[in-house]
Amino acid sequence: MNPVEVSQLSKTFETREGRLFRKVHRSVVAVDGIDFSVPKGEIFGLLGPNGAGKTTTIKMLCTLITPSSGDAFINGFSVAKDQQKVRENLGVMLTGERTLYWKLTGQENLEYFAALYHLDSAYAKNRILELLKLVGLNERQDTLVENYSTGMRIRLSFAKALLNDARVLLFDEPTASLDPQSSHLIRDIIRDLKREGHAIILTTHNMEEADLLSDRVAIIDQGKIVSLGPPSELKQKVKSSDVIEIEARNLAKQTPAALQSFSEVSKVAITPSQTGETELLRVHVEKGKEVLPRILEFLVRKQATITKVTFIEPTLEDVFIAETGRSLRD
Amino acid sequence: MQALTAIFCKGLKHHIRYPGEFAIFLMLPFLFTFLILGMGDAVGGNNAAAYFAARTGTTNIVIYEILGSAVWMTSWVVIEDVGTAIRDEQIKGTLEQNFLAPVHRFTLLVGLSLTDVVITSILFLVVVGVTVAVVLPSSFLTVIPAFLALLLGLIPLFGIGFLFAGFVVRFKEPYIFIQIVNLVFATLTGTYYPVTLLPYWVQALSGVLPQTYVIDAMRRIVIANQTLVNLYGSIFILLALALAYPILGYAVFRRIERKASVTGEFSKY
Amino acid sequence: MNSRNISYPSRLIEEFRASFLKDIRSYFRYPAWVIGEFLSTPLWFFFFALGVTLFVPVVSVAARGTASTGISYFFFGFIFIVLFSTSVWGVGQSVRNEQESGTLEQFFLAPANRATLILGRWARIFLTDSLIISYTTVLLYLIGGTAVAILNPTLFILSVGLYELSLIGFGLFMAGLTIRIKAYNSIGNAIFFGYMIFTGALFPITVLPQPVRYFSMLLPFTYLNDLMRHAALGTTMILPENLEYTVAILASVAMLIFGFVAFNKIEQDARVKGSIATS
C-alpha cells in the first residue's frame, strides 16, 4: 500500500443562508469524489484556482475536516476512523505565518510541538537544533516569534512540520510570501526529503513551482481532478496545439467567446497582466502561424490595442485552460 | 464637517451591527446594583437599610446605587470606545489609512466621541429613567437636570479617552489598562458609596475626577430634589474640568503621535 | 528514537507539562496583562467591598476585626468568582484567542490528548489565581483589618478539590462552546453573571424570590459554593449535611464527565462542518 491512498474522497458543506427567518438550506460540494495515491519518494502537486478544493482536500487528509464520503489512508490509517494514528503519521504545514505562538521563541515553539507529537525529549532536543539550522534560524532561535519577519515565521512553520520525521508530509503553499532566496532553500529541502523517501503532497498557486518540484501534478477544479500526471506529460497533451499569448488593451468581454468561433481555436482564456493596465489573451490554436494574422485582424477590428504577441511553450496553466476553458487565475 | 459626520456614522454603525455589546452595557448597571443589594442584604440582615441610611442619609437604596451604576457604565463606554477604536483600527490595519487622510486628528477623535454621546444618552435614559419611573415616580422630571449634569461630565471624559488613544498608539494593548482605570475611577468617585467613606488623601484624588461631581450632583437632584442652581459649585468645577481634560488629553495624544511618526509605531500592532 | 518508546502515561505528562510551560511563558511575556490582572482582581474586590460596608453596622477601628463576618462572607464570594472565571475567561477565552490568532488548528492537528492540553492551561490559571487570592487576603488584613479564617481546613481543602474538578469539566465545556459559537463574549458574560446571581456566590440564595430559588437549587455550583463557605465560615448548609456532601461529589463528577463528552462531541461536529479552527 502506498503511504497515501485517496479513494472517492468527497466533502459537501451544508449551510443555511439568507435573512433571519428566511434562511435557505444550501449544499456546497467542495470536493467531489477524488482519487489519487502517492508512493514513497514522490512529490505530488495539487494545483488549482481559489475555491477549487485544494485546502479542503488537505484538511481532510490531516483530519481537520471529516469527509462526507470516501476515505483516505495515511500509512494505512483511515482519516475517517483512525484520526489519532493519522496525526501521528503526518507532518503538516498549513498556510500562513499565524500558526505559531508569538510570545514564545523559535526554539520554545518547536519544543512545545515536539511534546505534542510525543517525541522523546533527548531526541527532540537534537532534532530541534538540526531543524533550526536546516531552515537558517539557528542564530535567532532565542528570539520571540513576534520579532521574526514573515519569511522567518514561515520557515519556522516549515521546520515544525518536519519535527516528527513523518513519512508523509503535507505542505500547503510552503513558499507563499517568501523571498526568492528562502523559496529556493525550502524547495531544496523538499527535494532532499523526496530523496529520503518521504511521500509529499504540495499545494500551490505557483505553476512554475508545481512544474519544477512535482513528480506528478493533479489539477483540481470545482472539487474534481481534471488532469493528473507528470507535468511533462500533461503539457505534451497540449503541445499538439500552439499557444499564443496576446497582450492588449480594450479587449471586450466577449472576445474569448468570439475567438472560439474560429475553427482552429480550441480554447481561449483572458487574465489581467501583471501591470493591470493590459490583459493577456491565451489562445490554444492549431497551426498558429497561419491563423495568427486573422486573429490579430479580428482584434484590431474590435478596437483592441495590441502591445505584444508571443508564441509560448505550454505551461500547466495551459493544461488547465485546455481542460476547463478558464485561466488558473480566474 | 463632512469628515466628522462620516466618522460619527461609522461609529454608530458599529454599535448597530453589534447590539450584543450595547445590550451588555444596558444590563450591567442593573446587574451590579442587584449584586450590591443582594450582598448588602446578606451581610446586613434586617438592619441593612438602617445601616445604609446612617451612612448615606437616604433610604432610597436602589436609586442611590443605580445612579452610580449608570454614571460608571457611561464613563466606561466613553473611555473604552475612544481608546479601543484606535486599537481596532490598528489591528485591522486601517489606522495608517485614517492617519494618511487630510483630516485633523481632533476631528477624528471628536467624531469617535460624538457617537458615544448618543450611546451613553440612550443608556442613561433607559437605566435611570426606567428605574426612577418605577421606584420614585414623583421624581421622574428630575431625570432631565440629572441628564444635563451627565452631559457636562462627559466632556472631561472624552479628554481621558484622548489620553487613552495616545497610550494605545504607543503601548498597543488598551483593554487591561482601560479596565484598571475604569475600576480606579469607579472606586474613587463614589459609585456605590459616598466618597467620604474613603481616607482623606484618597478623597483629594476623587476631587479631580469629573464623575465624583456628576454622581454626587445626580443623587442630590434625584433623591434630595435639589436643582442645578443649588449645585453651582459642582457645576463650576465640572466646567473647569471640561476645559482642562480635553486640552491635556489632546496634547498628550499629539505628542505621542508625533513620536510614533518618527519610530514607525502606526504600522505595528 | 522518537515517540515509539514513550509510554501512554508519560505522553500525557509531557503534553500537560508542555502546555503548562507554554502558557506560563506566554502569560509572563505580556507584562501589561500580568500587572493588570494582579492589580484589577483585588481592586474589584475592594470596590465592591466598600459598597457592601454601607450595609454593616458602623464600628470603631479597634472593633473592626470583630465585625468582619460580613466582609469575610463577601471575600469568599470573591474567591468563588475568581475561581469560576478560570473556566469562562481563563480556559474558554484563551481557546477563543487561539482561534483568532490561528494557532488552534495546530492544537487539533497534533496527536495529543485535548484534555491534557487544556489542563495545562487550567493549571497555569489556577497558579496565578492562587497567588492573587493569597495576596488579596494579606491586603484585606493590612488595609481592612480583617483576618480571613477557615473553620474547617480539611473540609475546605476537600471542597476546593471538588470545586476544581467541576471547573475542569466546565472549562472543557466552555472550550468546546468557543469552538462552536464564535460570539463568545456575550455567552461568557451571560454565564458569568448567571453564576454570580443564581449560585449563592455573593449572597445566599435565600435572598432570591422563591421561584428563582428552585432554579438555583438545580445548579451544581450552588452546592459547591455552599459547601466551601460552610467549611470556611460555618454558615448553615442549604441541604442536610450528608446529603449536601453527596450532591457536591456527584455534581463534580457529573460536570467532569459532561465536560469531556461535550468537548468531544463539539470537536467531532466541527470536523464534519469544517469549522474546527475558523475564527
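Brief remarks follow.
Letters A, B and C name the chains as they come in the text, with residue numbers starting at 1 for each one.
We take it that a residue touches a chain if its C-beta (ideal position, glycine included) is under 8 Å from a C-beta of that chain, and two chains touch if they have at least 3 such contacts.
For clarity, every value in this text was computed on a predicted model and none was experimentally measured.
Because contacts link the chains only in sequence, without closing, their graph is best described as a line. Taking the mean of all protein C-alpha atoms as the reference point, the chain centroid lying nearest to it belongs to C. Look at the CA centroids: the one farthest from the centroid of chain B belongs to A.
Computed from the mean C-alpha positions, the centre of chain A lies at a distance of 45 Å from the centre of chain C. Mean C-alpha position of chain B lies 30 Å from that of chain C.
The geometric centre of chain A is 52 Å away from that of chain B, both derived from CA atoms.
Touching two or more other chains at once are residues 30 of chain C.
The residues of chain B lying in touch with chain C in their complex are 20-21, 23-24, 27, 31, 34-36, 38-44, 47-48, 51-52, 54-56, 65, 171, 173, 176-177, 179-180, 183-184, 186-187, 191-193, 197-198. Residues of chain A that touch chain C in their complex: 11, 13-14, 30, 56, 59, 62-66, 84-85, 87-88, 90, 92, 94, 96, 98-104, 108, 111-121, 123-124, 127, 144, 160, 164-165. Residues 30, 32-33, 35-37, 39-40, 43-44, 46-48, 50-58, 69-71, 73-74, 77, 183, 185-186, 189, 193, 196-197, 202-204, 207-208 of chain C are the ones touching chain B in the complex. Taken together, the chain C residues at the contact with chain A in this complex read 1-3, 5-6, 11, 14-15, 17-19, 21-22, 25-26, 29-30, 101-103, 105-106, 108-112, 117, 268, 271-274, 276-277.
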